[in-house]
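These are the structures, in structure tokens.
In the two complexes that follow, chain A is the common piece, with chain B as its partner first and chain C second.
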Partner chain A sequence: MRFETPATTNPIDQLTVIGKPIDRIDGPLKTTGTARYGYEHHEAVPNPAYGYVVGSAIAKGRIADMDLAAVKAAPGVRAIVTADNAGKLGKGERNTATLLGGPEIEHYHQAIALVVADTFEQARAAAGLVHVDYVKAEGAFDLAAVKDTGEPRPLFGGPADTALGDFSGAFAAAPVQLDATYTTPDQAHAMMEPHASIAAWTGDKLTLWTSNQMIAWGVGDVAKTLGIPKENVRLISPFVGGGFGGKLFVRSDALLAALGARAAGRPVKVALQRPLMFNNTTHRPATIQRIRIGATRDGKITAIGHEEWSGNLPGGRPEGAVSQTRLLYAGANRMTATRLAALNLAEGNAMRAPGEASGMMALEIAIDEMAEKLGIDPIEFRILNDTQIDPEKPARPFSQRQLTECFRAGADRFGWSKRNPQPGKVRDGRWTIGIGTAAAFRNNLLVKSAARVRLDNNSTVTVETDMTDIGTGSYTIIAQTAAEMMGVPLEKVVVRLGDSTFPVSSGSGGQFGGNNSTAGVYAACVKLREAIAQKLGFNSAEAEFADGEVRSGNRKVPLAQAAGEGGLTAEDGIEYGDLDKKYQQSTFGAHFVEVGVDVATAEIRVRRMLAVCAAGRILNPKTARSQVIGAMTMGVGAALMEELVVDKRAGFFVNHDLAAYEVPVHADIPHQDMIFLDETDPMSSPMKAKGVAELGICGVAAAVANAVYNATGVRVRDYPITLDKLLEQMPNVG
Partner chain B sequence: MKSPSDFELSRRKLLAGSAASVALTAAPSIVNAQSPAVPSEVAIAEISALSKVSFTVNGTARGLTLDPRTTLLDALREHLRLTGTKKGCDHGQCGACTVIVGGRRINSCMTLAVMHEGERITTIEGLGTPDNMHPMQAAFVKHDGYQCGYCTPGQICSAVAVLDEIKAGIPSHVSADLNAPPQLSNAELRERMSGNICRCGAYSNIAEAISEVAGRPA
Partner chain C sequence: MRSFTYERARTPAEAAASASRRPDAKFIAGGTNLLDLMKLEIETPAHLIDVNGLALDKIETTQEGGLRIGALVRNTDLAADGRVRRDYGVLSRALLAGASGQLRNMATTAGNLLQRTRCPYFYDTNQPCNKRRPGSGCAAIGGFSRQHAVVGASESCIATHPSDMAVAMRALDAGIETVRPDGATRTIPIAELHRLPGDTPHIETTLMPGELITAVTLPKPVGGKQIYRKVRDRASYAFALVSVAAIVQRDGTGRVALGGVAHKPWRIEAAEAQMPRGAKAVAAQLLADAKPTRQNAFKLALAERTLGAVLAEAKG
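== the complex of A and B ==
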């Protein structure tokens, strides 16, 4: 199905199942421990050997010699895979560094060997016997030191640099100016399920049970890396224990399991050891961002400029932190610039809202600073500079844009009017209290997506698509879509996901999964409805599907009967025209945060949080709300604790486990409040939905930062905001 | 003065040596008739020093003969195929492997299986099934107290044990008065659950689920 003109009324608009806060259909499996993740397919693979990954102990250089004699002699060892014996390997289109290093080493903890043994304990012990002689080479590990060697590199969905009007002239002439530099650190996805795979060969055909967000990408890159036809690779990933972008790509667990299974002549399972993950896999790269804003005294932005420096392995991409600044606020004179320097840390890549999450961390502090300079309420300043058109391309309107409405609704709910704009004036015992806000902004992406739908003679509707559910609620919203389209109760829908033998979906990433995968299911259901109507001799345009029946005029036939003995199957997908070119499709929100800062220790506690989001039709308010509050939680982490600390001499992330890379825990997060504004976006798809999962993180950290400023009067521009950065300047109020 | 890489190499050798000294006796698992089949193609003759352990898992007596280095977590997941208990970090840092042993919650990755002779172990599978969920499991579904689901079994086992800890009068870091019975306050609940990381960030919903089961407002 081609989606080329704005959606009109369709069966989804009935909202009998869609739009309802339905419990997840996979909930009983997940809460009873019966959902099967990548490492857990005992029924399918009853007798695997175990692989243990050895990572490089240097960041850059080469392996001079690898002594495996002791490993080979160790009990239970069945195979050792190294670059030396793995045969010729390619590199996945979406990998920057090779997944099996050697002799060249591209980054610390790059996998250099897999030891396969009969048991996990044997493999782990034998892996400790690998002896490697390295020749170290000089590398670059300090972004600040190399940033000026950076070159322009295009970011996701846009050029490296943009300009409109005369930024320098307008900025110089502006009566009120801000010129500030912000930094964001390297961050880790730190999803709870490690990257894990089980590989089994049948002749030259490979099956991988794995944990991956993008099944079709994975098939392609596994095949390319192994140098085998795509048809010989099957990926199965029914449950994914968190991804956040870290499982968009094939990683070393999958490749090494495949190579290990080939070498051992037996299925092999591999889970990346947690302390290996942080330097072995991808991370959100650090940024340095300079923001300049010029405005008239009454608060109209006349010049806005945003420059970004980030680093990556050669061939990698920039973070893209300037992307939202191209679209969020009006201003006739503007510029953005993206510079990427070469760094020899592990590969930087997408993490939840790549670009915007980092960019909003900086931009939305800058807006708060500018509002204060102007003496204007920060919400009013944002509303004053709201725009309904793409500020860089004035001919393009936004399809929907309720930024102002989000702020108004949020201010009301949160009690913004009670905020004292003078920092450090509100006390609650030993806590100084502050309130902060920030806009939320993230683009809506249109990605083609297909599905197969089958109606059986007991009126069961089975949906198959290679879509994944990484905690997002895909199972549930896909079931809701099929139930709505086919007029059956939710209990009659079976959803099967994450198998490369199913039609190719959008996959899960970039907050595009929900809208696009359900739109693909919609398309397949339309085709199935047509097949049913045709079989019954109904006019398919007039046929109604409700209560387990097909109706047309005064005729009605139960679906089970319509299906017949053999059942009926339809396959189709959604493909998009240029509605995302004609209209800028984005999602909007406003975050509100209240913090308390201990006046003596500068300990920061988040006390209240609210997000108001306008993101198209909300297909399931329960799961969508969870996506947003989860993103708010990750935003608190970005604001207050998350930082991969770089050892700038040896070139690696020092805090590479879950004890030292701190993420929010229960005690860090208060009750979270969130509101969805009513919205349908007919430009996005027949579902009229958009993404929410990444919108929820964009701006949160800045709202926390602005609240900390309001509480203390201390402006921290280098994330994370830890108490040591506050202490020296804390007001003497103890 | 040695360079960092020299240190790295010598440290590796040292670790390798000590690992080898315990690796000699490693062998696959053999289980008794009560256990399902497990990976065991290796000839029994290779096995020289396996350990036996018997305990009760979810009310059923289980006997295992396994490598003494096997953690309780791997015994459950790989030998008994009870994969509901999750391996998130294998280092006691995340809580995904939480199980209830003798009525108290522990990180099953931080303890060896052979240390639990005769003990009663409850895993997520022992609390309820999809068709007959424990009230805590049902509350997690109702309040959407999970997303990807990977930390969820650990969260639920912890939550069940937390309520019992409070009933038993065991104080926590945030208990104001160590001599008074602890209350199931918001702060107590969040403190006691803080060993269970949820990267999806379902904490607010988890707190509501636990509060409902405990019969108090979140």
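== the complex of A and C ==
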């Protein structure tokens, strides 16, 4: 089905199942431990051998010699895979560094060997016996030191640089100016489930049970790396224990499991050990961002400029922190620029809202600073510079844009009017209290997505698509879509996901999974409805599907009967025209945060949070809310604690486990409130929905930062905002 | 993890004797620290002596009116004990500020005292670390040292001792009862249990090879307001940047010990004379010989300010 013109009324608009806060249909499987994750397909692969990954001890250089004699002699060892004996390997289209290093080493903890043994313990013990001689080479590990060698590189969606009008002239002439530099650190996805895979070969055909967000990408990159036809690769990933972008790509667990299984002649399972993950896999790259804003005294932005420097392995991408600045606020004179320098740290890549999450961390502090300079309320300043058209391409309106409405609703609900704009004036015992706000913004992406739908003679509707559920609720919203379309109760829908033998979906990433995968299911259901109508001789445009029946005029036929003995199957997908070219499709929100800062120790604790989101039709308010409050939690982490600390001498992330890479715990997140504004977006798809899961993180950290400023009067421009950055400027006590 | 043999000791003396026969033996109690280190091959004992069956899990009142805490009393049980909560509040509070509920259910009194540093380079066997591999150097010096020691450190090692419990015990003047391989027992004042790193950071305590901790004794209660304040980047489940254990009497005199600043719980009795004069004076003396790194210099101000807040709270 091609989606080329704005959606009109369709069966989804009935909202009998769609739009309801339905519990996750996969919930019982998870709470009873019966959902099978990448490492846990015990029934499918009852007797695997175990692989343990050895990571490089240096960041850059080469392996001079590898002594495996002791490993080979160790109890239970079945195979050892190294670049030396793995045969010729290619590199996945979406990998920057090779997944099996050697003799060349590209980054710390790059996998250099897999030891396969009968038990996990034997594999781990034997892996400790691998002896490697390295020749170290000089590397670049310090972004600030190499940033000026950076070159323009395009973003995930858009060119490296953009410009409109005369930025420098307008900025120089502006009566009120801000010119500030912000930094964000490298961050880790730190999802609960590590990257994990089980590989089994049947002849030259490979089956990989794995944990991956994008099944079709994975099939392609596994095939390319191994040099085998795509048809010979099957990926199965029905449940994913968190990914946040870290599992968009095939990683070393999958490749090494495949190579290990081939070498051992037996299925092999591999999970990346946690301390390896932080340097072995991908991370959100650090940024340095310079923002310049010029405005008239009454608060109209006349010039806005945003420059980003980030680093990556040669061939990698920039973070893309300037992307939202191209769209968020009005201003006739503008520029953005992206520079990427070469670094020899692990590969930087997508993490929840790549680009905007980092960019909003900086931009939304800058806006707060500018509002203060102007003496204008930060919400009013944003509203003053709101725009209904793409500021760089004025011919393109936004499909829907309720940024102002989000701020108005949020201000009301949060009690913004009670905020004291003077910093450091509100006390509650040992705490100095502050309130901050920030806009939320993330683009809505259209990605084609297909599904297969079958109706059985007992009126069960089975949906199959290679879409993944990474904890987001895909199973549930897909079931809701099929139930709505086919007029059956939810219990009559079976959803099967994450298998490369199913039609190719959008996959999960870029907050595009929800809208696109359900739109694909919608398309397949439309086709199935037509097949049913045709079989019954109904006019398909008039046929009504409700209560387990098909009705037309005064005829009605139970679906079970319509299906007949053999059942009926339809397959189709959604493909998009140029509605996202004609209209800018984005999602919007407003974050509100109250923090307390301990007057003596400068410890920062969030006291309450609110997010107001306008993001198209909300297919399931319960799962959508979970996405947003989870993203808010991650935003608090980004604001206050998350940082991969670079050892600039040896070239690696030092705090590479979950004790040292801190993410928020329950005690850090006391009260979260969130509301969705009513919205349907007919430009996005027949579902009229958009993404929410990444919108929720964009801007949160800046809202926290602005609240900390309001509490203390200390402006911290380098994340994370830890107490040592406040301490010197806190008032004297005791 | 290397393979190891395993035995269950029946008496404390037998455990100590067994340990002395094998220099590569280790006691295992809750295992919450030792097993993690073994998985990473930071600890590589060839023999484990399980001490969990030694019936050292009681808390008794001593003749002097203090408490004897068995070496195997779990952190959860110690924190919840009525006598501890009433008379040694600083200890109960310190315990509850540490780790998580699940870990405290397993962690033992002796194991907690002997837990090893959380220096991230100690945890990465690719990196130089004098504590893990004597003579290999110290990666933390000149590296990521935000968490590290500001006092009592050396050119060989700037690690901290991570325990919360031990800081409170230091303020309470605890004694460490042990049995040695020859069956002899002794009591080591807690001040003398942990060593400063010097040029042998791998030797962390004054325990002899094979010496088993059997109990920790607390002198009779000293009263006062007992406060434990732990400062950290997140609200729970994180090690202290700085912590303060304080016992403050009505007249403003008392005791303070600091955590997160040194290779051992940090207390200088002479500094306590300054308590009635306030935190600045106490901190000046406590941290007089501080040699922080650029990354952890903030701990000096933080310790003083935290101490100030604690003394103010004690007064209030």
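To be clear about the criterion, the second predicted complex is superposed on the first by the 731 of 734 C-alpha atoms of A that agree within 3 Å, B and C clash if a C-alpha of one lies under 4 Å from a C-alpha of the other, contacts with A are read in each partner's own complex, and residues count from 1 in each chain.
As a convention for this text, a contact is a pair of C-beta atoms (placed from the backbone, for glycine too) under 8 Å apart; a residue touches a chain by one contact, two chains touch by 3 or more.
Values in this document were obtained by computation on a predicted structure and should not be read as measured data.
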* Asked: With the two structures laid over each other on chain A, which partner does A:388 touch: chain B (first), chain C (second), both, or neither?
  -> neither
* Asked: Which partner does A:729 contact after superposing on A: first (chain B), second (chain C), both, neither?
  -> neither
* To do: Return first, second, both or neither, reflecting whether A:657 touches chain B, chain C, both chains, or no partner chain.
  => both
* May I ask you to decide whether A:296 touches chain B, chain C, both, or neither, giving the answer as first, second, both or neither? => neither
* Asked: First (chain B), second (chain C), both or neither: which does A:640 touch?
  -> second
* Structure fact -> Per residue count on chain A, the busier partner among chain B and chain C is B
* Have a look at where A:420 lands relative to chain B and chain C in the superposition and call it first, second, both or neither. => neither
* To do: Pick out the shared contact residues on chain A: the ones touching chain B in one complex and chain C in the other.
  => 57-58, 121, 125, 128, 275, 649-650, 657, 659, 664-667
* **chain A residues touching chain C - in the complex, by the definition given at the top** => 57-58, 121, 124-125, 128, 275, 430, 598-603, 605, 640-641, 645, 647, 649-650, 654-657, 659-660, 662, 664-668, 722-724, 727-728, 730, 733-734
* In their shared complex, at which residues does chain B touch chain A? -> 4-5, 8-9, 12-13, 15-16, 19-20, 22-29, 37, 39-42, 46, 67, 69-70, 74, 77-78, 81-91, 93-94, 96, 123-125, 127-131, 133, 137-138, 140-142, 144, 146-153, 156, 187, 189-191, 193-207, 218
* Which chain C residues qualify as touching chain A in the complex? -> 1-3, 39-41, 118, 120-121, 123-124, 126-127, 139, 142-144, 146, 231-239, 241, 278-279, 298, 301-302, 305-309, 311-312
* **For the chain A and chain B complex, residues of the former touching the latter** => 23-24, 26-37, 39-40, 42, 46-49, 57-58, 70, 74-76, 117-122, 125-126, 128-134, 136, 189-194, 239-244, 266, 271, 273-275, 470-473, 622-623, 625-627, 629-634, 649-650, 657-659, 663-667, 669-672
